[in-house]
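Next come two complexes built around chain A: one with chain B, the other with chain C.
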Partner chain A sequence: MADKLDSQTISLGPIGPALLKIGVIVGIIGLAAAFMGSYTTELKSERFYLSYLVNFAFYLSLSIGALFFILTQHIGRAGWSVVVRRVAEAFAANVALMFVLFGVIFIGMGEIYSWTDPDRLAHDTILQGKEPYLNTPFFLVRILIYFGVWILLTQYFLKGSVGQDSSKDPKKTEKMQMVSAPGIPITALTVTFASFDLLMSRDPHWFSTIFGVYYFAGSFLAFFSLMAIFFCVIQSKGLLKDAITVEHYHDIGKYMFGFTVFWAYIAFSQFMLIWYGNIPEETVWYIRRFEGGWETASYFLLVGHFIIPFIVLINRFVKRIPALLATIAFWILLVHWFDLYWIVMPESLKGHVGISWIDIACFIGMGGLYLAGFAFFMGDKALIPQGDPRLEESLHFKNA
Partner chain B sequence: MATTAVQEIDNTSNDASRRPTLITGDLDFKGITETVCGVAEAPSAPKIWYYLMAISVLALMNLFAMIGYLITVGTGVWGLNNPVGWGWAIVNFVFWVGIGHAGTLISAILFLFRQKWRTSINRFAEAMTIFAVMCAGLFPGIHVGRVWVVYWMFPIPNYLNMWPQFRSPLLWDVFAVSTYATVSILFWYVGMIPDLATFRDRAKDKIRKFAYGILSLGWRGSSRHWSNYEWSYLLLAALATPLVLSVHSIVSFDFAVSQLPGWHTTIFPPYFVAGAIFSGFAMVITLAIPARKMFHLENIITIRHLDIMNRIILATGSMVGYAYIIEFFIAWYSGNAYETFAFINRAYGPYWWAYWTMFTCNVIIPQVFWIKKFRTSPMLMFIISIFVNIGMWFERFVITITSLSRDFLPANWGYYTPTFVDVLTFVGSFGLFLTLFLLFCRFLPIVAMAEVKAILPEAHAHHHEEDH
Partner chain C sequence: MPDHSSRNKKMKLHGLLAEFKDVDSILKASRAIRDKGFKKWDTHTPFPIHGMDPAMGLKKSLIPKIVLGGGLIGGVGGLALQWWTNAVDYPWIVSGKPLFSVPANIPIVFETTVLLAAFGAVFGMFILNNLPSLYNPLFSSKNFVQGATDDKFFVYIEAQDPKFAPDRVRELLESLNPESIEEIEEEEDEWVPKLSPQMAWTLGSIVFCLVLIPPIYIARAQAKDRNSPRVQLIPDMDQQPRVNAQSASPIFIDGRGMRNYVQGTVARGGAQTDTGYYVGAVGETWVDNPLKVDMALLERGKERFDIYCALCHGFDGLGKGPIATRAANLREPNWVPPLSMTDSTVLEREDGHLFNTITNGIRNMPAYGDQISVEDRWAIVAYVRALQKSQHATLKDLPSEERERLLKEGQQ
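Our next item is the complex of A and B:
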């Protein structure tokens, strides 16, 4: 048993380098095609940058979700999740790649964020009031702070956990638990302001205090969905087969269910309060999303992001059949992507939803780079934290 | 009670290589039964219990007097006037509903999260929840002015063909709070049945035998009983979980659906829920520290339990702090002059003292829980929990009063001062709360014995394998 377990968890094996190579190629082709293709559209390169922002927010949310997952598991001294944590650590470390990918947003900032436009600023008194916050240098400083914090934290947890593989030192776990405590408020604040900056400021007049929680809810949900898919695929390649059991899928599924409801709760709170208050400066954001084709898109989010996953995931058997769980997880990732598209696009694509092949190419391209980044950070590291003192507990974990 | 004072044992361990023990003092199954049943079976309660009971009943009588006065004279006896039409009654309502959140969170959500430590504290936290919800329900009930038609709050078909306003969150509150009260009572009672049967089986006199016999619903402890019991417990936990979030979300709607600056903001629902859990846990600490001392439960409600609760207080207190910061930031960022003013006014206006009391008690003081000494010393955590209780009352005061007292038109501004009736009614609600809680401690199983036994090492098959 032990030998078998070792051979399944020792590393990604040949999958790693293959993923790295294919990922980079797909990434370059996908993003280049999307960029060039955008010139065939009405919005020209703006179309590309917007699509890029949607996908950037999407893949960033996966890493953010992974970081929150690591932090919460450490602070709760969780036993069940030890076997799935290494993969989370590598996905979280991918924020470093996202930092590199931010470069394109920096280049396209002028087309993405209308508050960068000096002409608009000159005539817009509300914007002038916000200028101390919404200006390019301070924006970049903030981005540096966010990514700096995230890279430090994710590298700390990845390195600490990998170091423990050989040292088997339980003290390291105690240390990581200690770091996770301040890690949570720091991450919460940086993610909130990052969501304000990257997404909410697309409409620089609009504001919503819950926006950061909304982005967090989607991120956490998306990361659990990613795990369900990832483990299902990797087990079909013969890896982690005995380490991750149906019991772990069940718990991942429970989290997916819980955060499906949590997302809906937050989305409802935001929508209902703005709708009920009916103050023009707030409703403007939703009105844009209830006009033209966007109306259907908004109702689709209600059904696709909440009702369907809710009905499917409430069943026990779905959570205990990996292939089924991975299927609904894939659906959740798609609607989560669409949720971000729905947040970013209506300010520019008024009156029509207009998902085009550019978005798909961008999605696949950045996805290729994201998986390559994962393979890079995973390297030849073990697939489970071999030195974690609670590994045994996790391997033998059962849902009572 | 025969038991002498119990030594405090520090069972908080950071050692990641093994799970620390939850129950100390070598208590076995029998020891737990003896300790918990001893509280209710002792011929007389500890002396201090009688003193506390006397004070509580006095406060309760005062509550009745104040309500009587209010009903005979009218709501004019409160400090309500234009522009502040919602005063202490609503503040107290939200305060008590908030406190009534810890019990169900501990019993339902922590149950779903497999948190074994919940077993020592869930019973009396649930009891506290129910009593707090009763206190909460009191205030809107007496606020309506014509108390004799208070049943009009419910949508009852009537000859006037008159219905409550379904679009009003105050009506949603009626549904939310009454649902919550019903499910909490059911959950509490169902969980208590096996322990009530233990009381019945140990009862010496006829009255006790009869009373506990009725309450334990013919529990015989057969495996079929246990199987049904565990299913109903799981289902009730699943049903109660969304209620933990929904009740205070809907309470927050009372404010947030309006257009009043300081009330209308989208983060209110989760922010209120975090605040509710925060205040609820603080009240659990406030009650647990004296109760475990009075009834010698230090080996069941251990330092480790208290340590974990204090961590939750720290976490939820920080969430409330997060909400304060984001609200303040967005008030500025919105560019809305009224919104910005509402927040500046809170911090530096005529109610600055309330704002800074709130901020200090809720955000700054709980930060001492980063230090282990504060999390594990009963005396220190008791003091801090009192601060949190004060802070959370002031939070509701700040939200309700500051926004109402200065709205859009300066000509409408005013300053609200409570009357002695306001103050004494609030004091009286503590009388109701503590009287019920003290009665509960004396006559019902204060700790979920059956659940605590299930987490002892003896309850697991491996334990014996290791022994032999």
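Our next item is the complex of A and C:
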């Protein structure tokens, strides 16, 4: 069947360059509008930087989820997922773009992270205690390490897989399996600390050891949602018609269902231990999210991020109708974005939730750049790994 | 396997068993049998075969719905259990949380949901598969017993199938190119013990041996020499790292296990300077009840009296409670009968003296100071006074209207 795959429909073709061009234009316009618009608000440029951090964490989470997906599929020697892995590889490679986009956070660090303020440091004994870790130079070194590790891993898997397209060398698959074994703990540690640094340090007094798992849970879930939407869209454009079947959607849907529950499990674990222990230094973070309008947002997350996707995705038929799966996937992406907004914002927006058009402009703008980055890394490459020894298995895969 | 023919029982056909060579041929055969519309038939293969469900025309399993039902019952039941036990039936505050506190209940709800969903999956599977079933007429086929879990593929059509006709089924099976066809028989119209004798003997012996373990263990423990250390099932509980009464502690320099208060400190609730209230006397003088005597206090006193005192002194306070009565009936030699509350000694004692008696006990009566709070002890004192009044009231103790009513009734 692999021979029957029409070469016309297994690469982006003319869509790629168009996506690249449009994405960059949308990106520049969106981000510029958000930046200028922020000066009409009370917080001035801080409003833009915070919105930027929310969206940065959102798009980074998609690439992180993709990287975890590649690693887990290799280490599990998965057969079903071969046809969807190339797209994941290109999305994962987008961490390189996210590294470039980190530049704006570097510029806005002083307004995003209160621990960078020397006045606050001088009067704050807790921050003085944390200073050996939470200081600007070490922060930047860590960011370099995180992105360095991620770029190396994602490029390795993308190059390895693309190289296999022509070489058809099954040894390469074994090598990638070998790399994925240490790759998983390395990625887990870097993602954990990256989430501490980028998101948790917004409130430098507060700490939660499960925070990294929370970010990972949302990332993995969001990545599968992105996949569901992506394949639904490109199949409607006539691409990969034969390769991706309802069985693959079904498996993506199962992952979405599983990680909806996993996210709720982790979110509740973090909440319940802090709520039960009732120690002021820990509860302060949740109290901020249960007053001034944010309590509605918190309950919305419970319903929107867990209960609704749970009830919808528990049904088998939903997972087997691509359009339906893509719809709930779109919803999950929106609530995942809101989850990150809920993590970043309450420290600065007290008394109101206040999503504004700046956030939306920023979301669309960075989204344009992200898709352009995907088109850049995808290029003319085949949308499925043609040289993978398990390709046949994947093409014929059926859920029992 | 028992040899049925040697027992001289009437046998009847139970079904036809056909053996197939490989996966492809059994899938093909299954489709053919499915298309003929048979209902009571099954395939037996050494491993699960992809595509067998549609080839046999099986509907989607009921298991997911049973699991969902089990999960829902478990979740709702777990929540209801916690609500009823902790918030309604026996209200109990834990860690300062509300009586019905959903976040604290969620882990239990999660566990009960998973538990009952798993029960639904396991027991639902058992029921849908007609398990446990220890015997099946198929076991009489040597070929089946040796091959079905090893390397052979079988189709079995039961005689109970409405479409079953021995000749036509045999014809159908033969047209599917089987390796062999075998007739399976069972004893006719007779209750067949589902348990084969060997199995029954083996299971019985195992259960018997297991049942013997506890009595043997107890007998051994009883027969053992008393000087040897006893068997410790849970050594952590038998040998706790604690200070025993009257023994030295190696932790502190002065060797005392019980620590003194830190100098200049008072334990919480220990600053009892108002001796009239806490002891019942100021210096040598007994005090009167320091609490305001009203209906609420008397109600409380009655409740406490009925709980703590009435067993000996009786609900009416006349000293004829169930314990006192029984002790009198048994003529217990060392029993000192409890006094009636209306006895002159009790009548004449001051409130503080009664309070002191409750606190520290007297003669046979134990001290209740540790069990009944100070306030409740005063409430009991007040109630005892009321009991005394009930036996020794004079006209002038009554409110004026009541007095007039009684006088009027007396004149009539």
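Throughout what follows, the second predicted complex is superposed on the first by the 393 of 400 C-alpha atoms of A that agree within 3 Å, B and C clash if a C-alpha of one lies under 4 Å from a C-alpha of the other, contacts with A are read in each partner's own complex, and residues count from 1 in each chain.
Just so it is clear, a contact is a pair of C-beta atoms (placed from the backbone, for glycine too) under 8 Å apart; a residue touches a chain by one contact, two chains touch by 3 or more.
As the structure is a prediction and not an experimental result, all values here were calculated from the model.
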Inset, instruction - Based on the superposed arrangement around chain A, label chain B with chain C as either clash or fit. - result: clash
Legend entry - Touched chain A residues, chain B compared with chain C: B
Inset, instruction - With the two complexes superposed on chain A, say which partner A:276 touches: chain B (first), chain C (second), both, or neither. - result: both
Inset, instruction - Using the superposition on chain A described above, determine whether A:209 touches chain B (first), chain C (second), both, or neither. - result: first
Legend entry - First, second, both or neither for A:390, with chain B first and chain C second: first
Inset, instruction - Check the residue A:189 against both partner chains and state whether it touches chain B (first), chain C (second), both, or neither. - result: first
Inset, instruction - Check whether A:126 is in contact with chain B, with chain C, with both or with neither, and answer first, second, both or neither. - result: first
Legend entry - Touched partner set for A:323, first chain B, second chain C, both or neither: neither
Inset, instruction - Identify the partner contact of A:398: answer first if only chain B is touched, second if only chain C is, both if each is, neither if none is. - result: second
Legend entry - Contact residues common to both interfaces of chain A (with chain B and with chain C): 272, 276, 278, 400
Inset, instruction - Quick one: which bits of chain A touch chain C in the complex? Just the residue numbers, please. - result: 268, 271-272, 275-276, 278, 314, 316, 398, 400
Legend entry - Complex contact set, residues of chain C against chain A: 48, 50-51, 64, 68, 95-97, 103-104, 106-107
Legend entry - Residue ranges of chain B touching chain A (in the complex, touch as defined): 14-17, 112-114, 242, 245, 249, 253, 256-259, 264-270, 315, 318, 322-323, 325-327, 330, 333-336, 370
Legend entry - Of chain A, residues touching chain B in the complex: 76-77, 126, 129-130, 133, 170-171, 173-174, 177, 181, 184-185, 188-189, 192, 196, 205, 207-213, 254, 261, 265-266, 269-270, 272-274, 276-279, 281, 389-390, 400
